[in-house]
Every structure is written in structure tokens, then in C-alpha cells.
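By written order: A, B and C. Residues from 1 in each chain.
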Amino acid sequence: MGGPYWGPAPIKVEDITMLKKLSMAAFAVALSATSSLAATEVTWWHAMGGELGKKLEEIAQKFNDSQADYKVVPVYKGSYPETLTAAIAAFRANQQPAIVQVFEVGTGTMMAAKGAVYPVYKLMADEGETFDPKTFLTPVTGYYSDTQGNILSLPFNSSTPIMYYNKDVFKKAGLDPEVAPKTWKEVEEFSKKIVSSGAAKCGFTSAWITWVQTENLSALHDKPFGTLQNGFGGVKSEFTFNGPLQVKHWANLKKWQDEGLFKYGGPVGGDQAATMFYAQECAITMNSSAGRAGVINNAKTFTPGFAPLPYYDDEIKEPKNSIIGGATLWVLNGKDKATYKGVAKFFSYLSKSEVQADWHQFTGYLPITNAAYDLGQKQGYYQKNPGSDIAIKQITRGTPSENSKGVRFGNFTQVRTIVDEEFQALLANKKDAKQALDSAAQRGNALLREFEAANSN
Amino acid sequence: MVENRPFLTFLTHAFLILGFLVVALPVYVAITASTHDISTLMSGPVPLLPGSHFIENYSTILTSASAAHGLPNYSHMALNSLVMALVITAGKIAISILSAFAIVYFRFPFRQLAFWIIFVTLMLPVEVRIMPTYKIVADLGMLNSWAGLTVPLIASATATFLFRQFFMTVPDELLEAARVDGAGPLKFFRDILLPLSRTNIGALCVILFIYGWVQYLWPLLVTTDPGYYTLMMGMKRMVTVQDGVIEWHLVMAGSVLAMLPPILVVVFMQRLFIRGLTETEK
Amino acid sequence: MDTKRTTFNNRLLPYLLLAPQLAITLVFFIWPAAQAVKSSFEREDPFGFSTVFVGFTHYQRLLADPNYLDSLWRTAVFAVSVTVLAMVLGLAFAAAVDRLARSAKFYTTLLVWPYAVAPVVAGVLWWFLFNTSTGLLPYFLERFGIRWDHDLNGTHAMILIIIAAAWKQISYNFLFFLAGLQSVPQSLIEAAAIDGSGPVKRFFTISLPLLSPTTFFLFIINVNYTMFDTFPIVDATTGGGPAQATTTLVYKVYQDGYVGLNLGSSSAQSVLLMLIVMLLTFVQFRFVERRVQY
């Protein structure tokens, strides 16, 4: 305990006890501590708790062990929004980490902050590390590049939402456990059977109403979320997610909630969704592909199934690709040359296909590079773990359109909060779907104008 | 008691016991929850009777649980909480008693102004000045340090007022006698005021210890080095889980342990606690 | 403001004695507050690269924003509810304990400890108890036909934070009321008893009126507590939701400033909050000074 890479701590109780108990071991620790003193420290703030956090620390440790010049020090800073705001506050105070993990909705904020960010493509070029955007999966690079196609931040943990279902409950309800609902119509039918047969209390739930049931819904059906290519075209964009498709879907969710088919999992990430799914209260949930490790760990009493997100077949015949979530690693300005050298080395290490494939297979995040995906195929990983490639297939299917490339808006953390609030107002009978989405778009636009003003001073 | 009404007395007891049960309910549930495994907690309402996982859960929280959340060892966080609480307590008492001494026993220009500056701290809770305060602490290079964690919280108008009020009740004859004996202000302070203030200091210690122990927002902001994390931050971290299930059994075990020290202080130093509470806030 | 009749005459010493307290106050209180006032008139990007003076824009927007006004109203509802609940219960417990001479200390012990529970822990405890899928209380409420859902139902969410916040404050009020009751002259009570008024009547005609200064004092303290010290409770339970139903003024400052990085608006809210605290403190202090005099 105490981890070898937490950096200097004010009180190391565990060290003291260790010294007392095993002087030999302590001697060895002391030796390794002296050798790492010479290494340049690279601080990395991240938002990966639990199992993911452990894996992340393991990766950093392996990098540290692989060479002697640099020491990457990962620090868990809480949730994604907490990590982002902490990094910004620290930047203002000139106490920023070298690397910070920022979730996709923070991308707009980070891209606008030109003076704060050391673009990754530039860093890699400056430090003479090979860095070819073409080696990355197209939807990943598409999301994180600027208008000239330069990658500004290193994709690290990208995910996309998929559907999880409970095969045992399906069986109990008289459904074929190997056939997941493909369309929303089927989700409705299946849910009705599940609820009326008493196999489970609710048909389906969903994490991330904003990301899954609004942003990805729009992308899947090739409908715009905002103007100017969903905000990729600049800070003057406006939200248009209050279109007929989104209104129809929200109205359906409300109807299904009233009929007891759908249960709300809570705002933001929707903590309750996972809980209800694990407790076999809801037969289906929709969540990040990165939830896969958690599902497998927690679904002890039932067999989980994996499937692509459903769509409306009367709206689109061939659904588009789903869009990216998760986070990338941004490099912040204001550090010395040696630190950046270390960052570049570390990023090269992270992009290695073995490292990528290991991270992807352990967590359920997408493989970032084509090579990592190929490696997984060669290893036979996807045959051995059916369903583990659903996310990749879903995100790479068809040709991405302007509407399915992703979304990029400023102040987007708060916009998501607003969308959550309006969805809650809908479910609480305060507004109908049209009113809720109109109001979300209108309030969101006010934030976009605020962002535009603050970033064009 | 003025008259004997057995039935009313019975009702009074019944009311108080019922009241206690209601007040204790969340803590009781936390204790029972901390003795079950997670699947029991996930599969329906918390059982009202304790389960069989007491030793397992508590040893997990004390050993390996926090590492899974990127936190330092539980005992490490507990020690940090303790150090923070003690430093804040000692610091607040020290600077407050000195300020009160200055304000009561000296006449000097800007005395009134000094009093008002101290008074103003009451009006500026940390929540409303969070960003600029953070900036200043950072500019002073006090992030991730004991100084940053404690010094900004040490100013105390209430403790100063308490001492001021108490000094006002100290008979003037004592001062006059001391002056006749040729005692200077510092000697008077050390030999007379300080011993007289013992009870007040004790009472303040209890209150301020609790104040320091329960700090949450401030440590959350100024520490990025897990080596400085306190228990309160640790508990909040453990309920912030992405794409997973909150380990309620461990969270509850951790919460029960984190509640214990200040509760014990209150229960065992009840007299000082009550005195501290009712005196400071007047 | 008084000093002693006789004082020491040192010139430098009082300043030295005051220095630590004043230094900390100036550096960590006054200066940041001044900064907040300054940035409430500015628009700034999150990273602090550019700053533009915008006058009263943030204030105008806030006061025209229905969400802000709602949050103001909700904070008032929250503060008054917590205050009333915590004070009524505190008074009831105090009156009961005051009746019992022998077991008073025992019951006091049973009732004072919640004060020592950290707000964030209190929040976590109540959140667990009210958790919609695993909590105990929703399970019982369902038997009474109430579907508890604080994730969607704003009223439920508000009730949740009111209970959690009041729970922590009961012991505080209890102690003050008990102290107040114990200082009611025994002779008054006995006289009334001889006149034939029962314990309940005596409580309402004698004790309660005599407690009015304590009551007023506690009211101010409780409102102050609910407005500012309940941040961790909101943060650990509802996170301000659903649909801002539990976003108090302080929580909004944090949300807009620290999470949303809208520094200008957040600072303007801070300044408005400072004005509110000043008002409360002023009322409280006027009262305290008066109380000290008799």
C-alpha cells in the first residue's frame, strides 16, 4: 500500500512500519527511491477510479520501469468535470500538471484555450517522436483533430455507447437470449414482454441520457445536433437538437417510463442505471462500452449480452456510426523542455499496439490504433470474448457524415447539465418533449454565446 | 421536578427514546450495512440486522479498499485528518487568544478597525470566495502543504469574541495587582490570563477539533497530492464511481470509522463540548 | 466597544499580538473577497488569458435569470424548512429532557452526537437511506403507496436535503434550548404550579416566552447554517438536482464558478451572497451585543 509512485507524501506510516519489519526490503526501497530521484517527473492528472485507475497506474509503472530518465506520476483527481476544473484552476495558479485527461465534452473548452495547450502533434514533432495520425482509427482522429487535421490531444480512452442485456431475464420472459432488440420498436416489444411476464420490473434503463439518448441518437440517425457541422466549424454554432427525431424519441422515453418499460438512471452518468441492471431490476441498459469490465465483474448471477444501440428503422435504414465519448490526454503549457521530452516518450509508449491492446481488452475502451485492433484479432481476443468488438464495429460502420463525426461545443459540461435538467422536467410531467428540448436548446445557446464572447475578447 | 406525574414522565421517556431511535437511524443503518456483502445490499433494502461480513469489510477498508480508488491507505488519511484538525485547533486558539488580549488590554490607534477586520471573516464563508482564495494559496506556493491546508482556515472571529468576552469578566483588580507587582503584559498574560482561560480553551478545543475534522471543500481544492488526502475526501471519492457500482458496504464501514473520533470526543468531553458550543456562538 | 478600565501602555505589542490574525484575515479573506468583487465586473475565459470589463452585465443577467431567482427562492424555502424542523425538534427534546432531572445527562448524551458527524458523511448516510433502489426508506414508503424518487421528483429531493441538514442541526438547537430552559427561574414555575397550571400550560405560558431571545438567536444561526454550511450535504446527495430543484445559492456559486468556469457570473453571485451574509450577521450581531448587555 501507499503505492510506489505517489510521490513524496508528508507522512509515510507504511514506510516506517516497513522499515521496522523488513530492513532489507526497506534498503531496496531506499535504493530505488534514490535512482528515481534523478528521473524527471511527469505529472499526469486523470479521472479513472476503481479498476480502471489501477490499470492506468500499472501502465504508468510499466513505462517507468522501461526506462530510467522519466517518471510518470499519475494522480487521480476525481470525476471528469472535477479533473478538468482542477487542472484549469491549477493552470491559472501556475501549478498545472504536464498531462491532464479531459473528457470529450471538455474538448471545445481545451481547443479554445490555445495559450494553455501544447498540441500533441506539435509536441511529438518538436521532440522527434514518430506520430502518424493515420495509424489511429478514423472516427477517433476525426473527433480530436483541428480543422487542419492536426491531432491536438492524444486519444487515450475512447468509448462509445452500446447496449447490455440480461440473457437470463430474456429467457424467463420467453425471448431468445441470443437475439437482442435491434430497433426501438423491438426494445418496446421486448420490454413489454419482460415486464408483463414478471421476468424483471423494468424493460430498459440508460446511463448518460445526454450522450446516449440525445447526442448519439442524433448521430445514428444522421440528424444534426448543432449548426456548423455540430460545432466543428467554430464557436458561432447553435444547437438544433430540438428537431422532430429527438422530440419523438424523448416523447417515447417519457411514454415508456409511464408504462413502466423504462426507468430513469439519474443525471450525468446515471449511476442508478448500472445498479438497476446489476440488481436485475432492468433487463437492458445502454452505457459506455467501457462499462464492459464492470458488467462482467458485477453480473455474477446472470449472463450478460452485448449489442449495438437500437435505432428507428422508419427514420433510417442504415444507421450511421455512433460517436465517441471517453477522454484524451492534453499537454499543458508552462513546463520545461525535459518534462516535454518525457511526455513525448510516454505518449509514444502509450501508442504502442501492445499497450493499447492490453488497455482496450482490459477496460472495454476502444482500441485507438488500427494496429491494436489488428493485434487483438490476431490474438483471437474477439472470438474468445463475443461482443467485445461491438463498439468498434458500431463506431466504424458506414461513412461518417457531418452529423455523425461528433459534437464540439464550448461550455458543453454545463450544456449537458441543462439537457439533463430538461429531461428530468419531462419525466416529472413539468414539460412535454418538445418544450423540454426547445428550452434545453435555448438555454444551451445562451451558454454558447457566453463562450463565444469569452473566447473572442 | 415540581410535581409528580408518572404518566407524563413515562410519555417523556418514550418520546425521548423514540426521538433517539429516529435520530440514530441513519447511523444504525450504516453500521448494519457495513456488516453485509455488496450483493446483499444490491438485492433490495438493507437488512435491519447485522450480517456476517463485519471483519471482512472493516479489514478491507483499513487495508486494500482505498488503493482501488487511487487513495492512500485509510490510516494515512485518518492521520492526515487528525493532523489537520489538531493544527487548526491549536492555530485558531493561539491567534485568537492573542488578538483578544490585544483588543481588551490595550488602547491603541486602529483598535476598532482591527476588531472589524476580524469580525468581517464571519461574513466571508469559504464557499463564496473559493476561486480567488485558491489562487492566492497557489501564488504563495502553499498548494499541497500543511500550511495551505490549515493556515487559511485558522482565522477565527468566534474564538476571538469568546476570549474577548471572557477577558471582560476577569476582575480588573487582577490586572492592577499584577501591575503593582511589576508584571509586564506578557507575564500577566502567561501567569494569570492563560491559566484562567483553561476551561474556555478546553471547550474551544472540542468544538474546533470537530470543525477541523469535518473540513471538506477546502482540502478538496488545495491538495492534489494524495499524500495529503483526508478521510472526508476519501469517503466522497469512494461514492463517486464511474460506470460501476458503489461499494456501499465499504463506504459505510469507512464512514462509520470516520464518524467515530469526533463523536467520541463529543460524548466523552460532553461538558466541555456543551460549554464550547453555547459560549462561542453567543 | 469596551476595554478594561486599566490597560497596558505598550505601543508596539498590541500590533504584534494582532499580527497573525490580521495577516491571515487580510490575505485569505479580505483580499480574495476584493478579487471576487473585481471579477464580478469582468468577463474572463476559463484559463485567464483575457479579461474584459463588462460592468454590471453579470448582475443584470442574474437578476433577470429565472433559474437564479428560482434558486434564491428555493434557498429561502430550504433555509426556513431546515430551521423550523431543527428548532421544533430541538425544543421538543430540550423540553422533555428538562423535565427529567435524573436522566437528563443520559438523554443529552444520546442526542448531542449528530453535531459531530461531518456534513459530507451525513449526506452520504441519508443518501444511502433514501437510495431509490437499495434504500430502506423508499422500501417502507412504497408500502404506504408513496413512490419515492428523488432523482426525478424535485420535492422529494428537497425533502431529502432538508432532513439531512436538519438532522445535523437538531443537537445544536437542543443544547441551546436546554440551557435556556434550565435558566428559567424555578420560582416562576413553582408559583404557576401552585396556581394550578399543568406542565404543558406552564411550558407555553412561562418557559417559551422566556426563551424568545434564544429562539431568535437560533433562528439566525440556523438560517446562516443552512445557507452556507450545507454545501457538502447537497454535494453528496442530490448534486443540486433534479432540474436544479436543490441548487442552493452556494451550490450555484460552486457549480457556475468551479465546475462551469463561468467566473464572472460566479463572482457576481458570490458578491450577492456576501451581501446576504452581511445582512444576517448584522442582525445577529446587533442582537448579540444587546444580549451581552443585560
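Operating definition for what follows: a contact is a pair of C-beta atoms (placed from the backbone, for glycine too) under 8 Å apart; a residue touches a chain by one contact, two chains touch by 3 or more.
Since this is a predicted model, take the numbers as computed values, not measurements.
Identify the chains adjacent to both chain B and chain C in the sense defined at the top.
Touching chain B as well as chain C, we find A.
Which chain pair has the highest count of C-beta pairs that touch?
B-C
Taking each chain's centre as its mean C-alpha position, how far apart are chain B and chain C in Å?
That pair's centroid distance is 16 Å.
Express in whole angstrom the distance between the two chain centres, defined as the mean CA positions of chain A and chain C.
Roughly 38 Å, centre to centre.
Which chain C residues touch at least two other chains?
134, 258 - these are the residues of chain C that touch more than one other chain.
Residue numbers in chain B touching 2 or more other chains?
42, 44, 131, 135, 137
Enumerate the residues of chain A that touch no fewer than two other chains.
Correct list: 89, 92, 275, 279.
Enumerate the contact residues on chain B facing chain A in the complex.
Going by the criterion above, the answer is residues 39, 42-44, 63-64, 67-73, 75-76, 79-80, 83, 131, 134-135, 137-139, 143, 146, 221, 224-228, 237, 240-246.
Within the complex, which stretch of chain A touches chain B?
Within the complex, chain A contacts chain B at residues 1-3, 6-14, 45, 47-54, 57, 74-80, 86, 89-90, 92-95, 97, 207, 269, 271, 274-275, 278-279, 287-288, 290-291, 294, 298, 300-301.
Give every residue of chain A touching chain C within the complex, in rising order.
These residues of chain A touch chain C: 81-82, 85, 88-89, 91-92, 109, 112-113, 115-116, 264, 266-268, 272, 275-276, 279, 281, 411, 413-414, 417, 420-422, 424-425, 427-428, 430, 450, 453-455, 457.
Which chain C residues qualify as touching chain A in the complex?
43-52, 132-134, 151-154, 239, 241-244, 255-256, 258-262
For the complex, give me every residue of chain C touching chain B.
It is residues 1-8, 10-11, 13-15, 17-18, 20-22, 24-33, 35-36, 39, 89, 92-93, 96-97, 99-101, 103, 105, 107-122, 124-129, 134-136, 138-139, 167, 170, 172, 175-176, 179, 189-190, 193, 199, 217, 221, 228-229, 231-232, 235-236, 250, 253-254, 257-258, 263, 266-267, 270, 273-274, 277-278, 281, 285, 288, 291-292 of chain C that touch chain B.
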